[in-house]
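The first chain written gets the first letter, and so on, giving A, B, C, D and E; residue counts start at 1 in each chain.
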Amino acid sequence: MELANAFLIFANYVLVPSITYGAQLALGALGVTLIFGVLRFSNFSHGEMMSFGTMVTILVTWVFQKSSISIYPLPTALLALPIGILATVCFSLAADKIVYSYYREAKAKPVILMMASLGIMFVLNGAVRLFVGPGDRQFFDGERFIVTASEVKAYTGLAEGVSIRSTQAITVFISILLFVLLYLFLQKTRAGTAMRAYSDNRTLATLSGINSQAVVRITWILAASLAVVAGVLYGLDKSFKPFTYFQILLPIFAATIVGGVGNPLGAVVGGFIISFSEIALTYPYRKVVLYIYPDIDLNGYILQLVPTDYKFSISFTILVLVLLLRPSGLFRG
Amino acid sequence: MSFFGGSNMYGGYGPIKILNGCSISVEPGEVSVIVGPNGAGKSTAMKALLGLVELTSGDVFLDGKSIDALNTRQRVMAGIGFVPQTENIFPGLTVDENLSMGGYLRADSVADTKQEVFKLFPVLGDRRKQLAGTLSGGQRQQLAVGRALMTNPQVLLLDEPTAGVSPNVSAQLLYEISNLKTRDMAIIMVEQNARQALEIADTGYVLVMGENKFTGSGPDLLKDREVKKTFLGG
Amino acid sequence: MTRNIALFGTLFFLFIATGYLQSWSVTLSILNLCLISAVMALGVNIQWGYAGLFNAGIMGFAAVGGTAALLISHPPIQGAVAAGGSGILAALAILLAAFAIVVGVRRFAARKLRRPLVLIVLLASVPIAVRAFSGAKEAIEAFEPASSGFLGGLGLPIILSWPIGGAAAAAVAYIIGKVSLGLRADYLAIATLGISEILVSFFKNEDWLTRGVKNATGLPSPFPPIQNLQNNGWVQDITAWLNGDKLAQMSDAQMNAALKLHSAEVASLIVKLGFAGLFAVVLLFLVLLSELSLKSPWGRMVRAIRDNETAAAAMGKNVGARHMQILVLGSSVVGIAGAMLVTYEGQFTPNSYLPLRYTFLIWVMVIVGGSGNNAGSIFGAFLIWLVWIQAEPLGFWIVDMATSRMTQDSDIRAQLLAQSQHLRLLIMGSILLLVLRFNPSGLIPERPHNRAK
Amino acid sequence: MISVRNIVKSFGGVRAIDHASFDVEAGSITGLIGPNGAGKTTMFNTIAGHHRADSGQIVFQGEDISGLPPHELFARGILRTFQLAHEFPTLSVLENLMMVPAEQSGERILNTWLNRKKIKQEEAALRQTAESVVDFLNLDHLAHTPAGNLSGGQKKLLELGRTMMVDAKIVFLDEVGAGVNRSLLREIGTAIKRLNDERGYTFCMIEHDMQFISRLCDPVIVMVEGRVLTTGRADEILQDPEVIESYLGATATEVVT
Amino acid sequence: EEIKMGILLGFTGPAESLATNMALSAELAWQEASKSGLLLGGATIVPVRGDSTCQDSSTAVTAAERLVNSEGVVGIMGPTCSGITVAVTKNVTGNIGVTMISPAATSPAITELDDGDYTFRTVPSDARQGVVLAEYALESGVDTVAVSYVNDDYGKGLSTSFETAFVERGGQVLMNAAHEDGRGDYSAEAGALSASGAEVLVVFGRFDQGGRGIIQSSLDVGAFESFVLADGMISQVLLDNVGPGLEGAFGTQPGSSSEAADRFIQLASEAGFDGDGGFRAESYDAAAVLALALQAAGSADREAIRNNIRNVSNAPGEKIYPGELAKGLEILGSGGEIDYEGATSVVFDEFGEAPGTYRIFEVVDGKFEVVAVR
């Protein structure tokens, strides 16, 4: 009984949030890692691509909502998602054509491409705000909870409960799905191998008859789609605000690096490492321990390893520690 | 006009002029070998044939038609295979994937060709799952040639295929290359291992400072005293 | 060479134009920040341009320098020191003693005993130190929290903090280097970025030391306060001389009012010029040192290491030690700039240390200007900061122009004008992309070293 | 001079060196041959400190040097070249050479600020040496070109040139000959001999060109599958049926003559 | 005649979502004054905007310099954030002598800022808000709380003053922890706060940033059911976004008469924007005070404007409310006296700030309703 309570409280405050946040980071990290893996640069505009795609999705969602098109209990935004993806794919292909392709052909150093992506980031950042302004945008509709903590409490009669939001379930489901698909695509299909070959040695890829433009295009299509999916799911779960999409870039990069850049599996694991280290290490375990050992005298200690003030630091500390043990990330890129 | 080659090629790397009017060509079922001192422009000439180096003047032709307008990939699709001198493998892919990439353009099954390559270079068969970047120097070289063979091209360009390859394998390699003639493949090869290479050559070119210095059949060149002394190490 | 002259000439012209079109005071403000940014960019260039070290922790080192400025110059807060100074000292002393014992143990104790002994020492000392520390911390932070709530500093002249900030940043860089130097470029970048976030969150949250997010304002300036300065006779004289024509036509009362107004402006100009002079001296000095090293076998060795670490090691170069040296030198330059910035602004605000502003923007400066070339990085710093500031009015101007055909009270025009601030980033991004497009290796790229005479 | 004892080195499942032992005598030009993948390069990498052996010992002039980092080995006079050329691409050819000597006073940062004069003198001397090396390698017209723009063979020459910049005790050459024009290779062979005679360098070289090996090397060590198969004089080795079988192939005799 | 006035707000950066409507509110007041045709015999006020970023003082200071020195503004409405207010005062306006009225900087540090009496604010210091909130909370039977504050000078100052007052009066603060704005996820904070064992969560943050994130996360996992809020959180947007979970929460916001506040909201909606939300009324008032002081000064003289700020906004005189600027201008023009009340009961004490009247709101049926004023 008490053990069940201990587990529920742990699940509610640590497990479920970490898994959700981890999945959100993982989705973002997949896109970053893909661009790095194939095009060989760190794409700083990824966060803004997420934001841009989400913005388009929101605008379309509003149109749908006005004309009462809906897929209740799922959020309408999922219906609008393809259009957001389409817009972002178009944007990124255009950006590649106008900006990145030039440096690729000139065989510029990766840092130049990275700076160019910073430029794109600035441009998108300004553009998104010009369109929808810097404010908070709520676009979630549909059923918010699959089960709430109080429902669980009422049902089980326990003192603790666990709540699961529909957005959490959708996020986890979609990220697992996308991860598996991406992995299969990269490892098992000819196009996937061609992408890896291209990233390894471009001249030789051309000499083998690989269409490098097609490879680049596929990469952007995948990365942009991943970005928009990540952005929309994140926005559904929290809310859409351009500023946060810039801020979330840092943990996404951290996740990418911990896992090993260029490696999709690494991106996913990295996302969860970051989220767990933020949440599990800053959670005060007082109640959990008290459920398990009711008689213990904690003397006022709340059993918090690190204050939440330092949660960002703690995830970076974990990052540095992981890199110390495995200098190229958990899974080699 | 021959089947494949470049005539009167001028060009280089931006302002740096390397090729000064050199011409190289090959017929189906024949082997042309290019020799010359280091930095003569041999590799540059090969790259020019593939469109990897821009020509300021001169023509590259295939099957009687100029292919100057084609880009590298289109030339590859037209049936030209190339093994560069350096960076000639995908280091991050396994040996097996490297070979598969070699057969990327082929519509037919590549399994048979792969088996042939493994027969020619048994070590590649043993290391199918090893990352190519971790192969030894000579193994890399074998893989590079194997990758090009996978394309089953009409024209095969090889830039120093035997560099760093142990004598037994390199002898066999040259033997196999001369065998390819029977498949009507046209082969151009740069070699520093010139004696052996010229022995199987139908035409030999000695390139110096981006110009053809001597041209002749392989055995003829081997006999030429001056060529022997200045380029083949006496 | 002519190109460089043209570029710097253009820059000079832009500054003069700013002076005429906006005001000299704005020009000097921008110039001073340009100089500080240039020092930071120099630090980044030493690391990336010379040696290929991808340090994305610039922000952290700037914050360390800034903290040094605070701790050197702020007058000590007697009450807080009385309340908790001894506790902090005690905690420090305990930790130092423990450290000494650990060092002793590791040197002299039998091999087998080392680990357990070290463990015992740590277990015994750390909790005591923590207890002493947290008591002291609470006492300090409780002391007049609204106006102070921290220990204050040493009350020394703030200029001293420039070298000390540099040294502190160097020390921090040494520790960071020990941890992260083995990493490959992107990994090193994110590790340093992470560590710099940790540093900044330390400065943000340890109120007893830095006053945290409550900010420490009113740091002493190396120059007399403007309010005093403007009443000085000679300032008034200069003002009168500068505005002679205008003043001559005024009545006495008007003239006095105008004189007062203008002398405040002149005084602030004088102070800014003073800062500009100091900053320029620092910048030139650092550039001189850095050029001397770069144009010598040391520079050659460092470039060789950047080109190929394996081969450099095989040629007898101690790659690890050189990387450490460069990380430390470059970071200390950034630290100096951080201290200069806090000196200039007269306040320490930990919340303003943001990666966008201190890491990415500085990197943009280096890359746009031309990495591997000091002149390039400095040019980049000047240009990018100028653009960063002027993008705002420029954005407004662009919208204004673009929509001027619309009626004055058009909604779209109003909406666009209202959001015109966001054009700043858009313009910044476009300029970045344009410059990179036409000068992929920077406006003043690294000189090829092949014509060494 | 250098003694390799029972070295083992594996990469994952591949055992690249399998209990190999051999000695290189002071003053010799020792050849190291063997089929592709025999572990020769790995052996060099291990000796020169780029890899750490799983087990075994390397002794240099009586001192155990296993596991020392490359720059310390260099300081002891142990030099190596790379099979895949490792030039410094943005440095000019001359600079590639001039950076080689260790302990240049100009490499200390304080000296670059305070002791410019001394640096200048040293540089002048260095430049002379470097120029003579460049002349020797027929690269004089490229002295000021970035090394990244050299042709494949020229890069290999540069590799060799670097070993001529300092007074090495022992030089490990990994296939300097591959990709080098044979006429030039002859001259290189002569130079190696001269360095060996006049300056007392010890050489240990990997090479697949049997003509080159038999002209220069004594003794020759044969490695196969990570082990040392045999050691002996070149002419003996070339007749050894096992060596012919695993390495030289049928054309062996023809090559030698 | 055209007279320039500055609007210096954090248009980009963490407070960017507040800035637009604050600027519109200020411009509304100036338009009102200009359109009346009574200002200095028909002068118009031309607003000039500058970006104070809320975080980067170098940029903010340069923007302020541009306003002051190149645009030649005679007064500034802004900035948004306290840290920037100090920096701009110290480096520009305090030195040169330009009146600056901040509608949002609430840090206690500004009270005794050495500003040459050029810096004012239409919001009271958090030192006072903390006390008011603490008292009201205890009266409503809330005595054990956890506090989550935004990690800047505003949140820190407010949480300190609240905790001190709350504990002095017998309450208990089980945890007082910071959160950062703009983070991706706040479940860690929500979890930690709930584990403190408190039943009520006090949030000192921003309604569209971390503050909202904390509340959302807490509601999602069922960590808290009761909330106490401060000014940064009082906004209908918050209620609309978070849903019914906030029912019964209460909080403070500067201002007294709700009637006057409603007048402003009415004006705003006529002008086409939403006047209900953080610091908009304060912005209108700050701008109005500047316009009135300009009128009282009789000319666009920076010092004279400063000298008239208190004259127009403190008693004695005819009370002026939002929308009545014309009346105020007229009285001033004819040499009379006014006491500008505005939407937020403007008074400036010797430090140039409002002594602080607060409205206490409670969430009833998804709306903030005023339940008390103190």
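As a working rule, contacts are C-beta pairs under 8 Å (C-beta built on N, C-alpha and C of every residue); 3 or more make two chains touch, one makes a residue touch a chain.
These numbers were taken from a predicted model, which means no experiment stands behind them.
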| item | value |
| --- | --- |
| Length of the shortest touching-chain route, subunit B through to subunit E | 2 |
| Touching subunit B and also subunit C, the following chains | A, D |
| From subunit C, the most remote chain by mean C-alpha position | B |
| For subunit C paired with subunit D, centre-to-centre distance based on mean C-alpha positions, whole Å | 47 |
| Chain centre separation (subunit A, subunit C; CA means) in Å | 32 |
| Rounded Å distance, subunit A centre to subunit E centre (Cα mean) | 35 |
| Shared interface positions of subunit B, touching two or more other chains | none |
| Sites on subunit C at which at least two other chains make contact | 204-205, 419, 422, 424-425 |
| Multi-partner residues of subunit A (each touching 2 or more other chains) | 129, 133-134, 246, 307, 309, 312 |
| Every chain pair in contact, whichever chains are involved | A-B, A-C, A-E, B-D, C-D, C-E |
| Complex contacts: residues of subunit C adjacent to subunit A | 48, 54, 179-180, 182-184, 186-187, 189-191, 193-195, 197-198, 201-202, 204-205, 355-356, 360, 363-364, 367-368, 371, 416, 419, 422-430, 432-433, 436-437, 440-441 |
| Subunit C-touching residues of subunit D, taken from the complex the two chains share | 48-50, 69-71, 74-75, 79-80, 82, 86-92, 94-96, 98-102, 104, 106-109, 111-113, 116, 119, 122-123, 144-146, 162 |
| Subunit A residues within the subunit C interface of the complex | 36, 42, 44, 99, 102-103, 106, 108, 111-112, 115-116, 118-127, 129-130, 133-134, 246, 250, 253-254, 257, 261, 307, 309-310, 312-313, 316-317, 319-320, 323-324, 327-329 |
| Parts of subunit B lying in touch with subunit D, wherever the complex brings them together | 13, 16, 36-39, 43, 85-86, 123, 127, 130, 134-139, 141-142, 160, 163-172, 192-194, 196, 229-234 |
| Subunit B contact footprint on subunit D (complex, rising order) | 11, 14, 34-38, 40-42, 83-84, 138, 142, 149-154, 156-157, 175, 178-186, 208-210, 246-252, 255 |
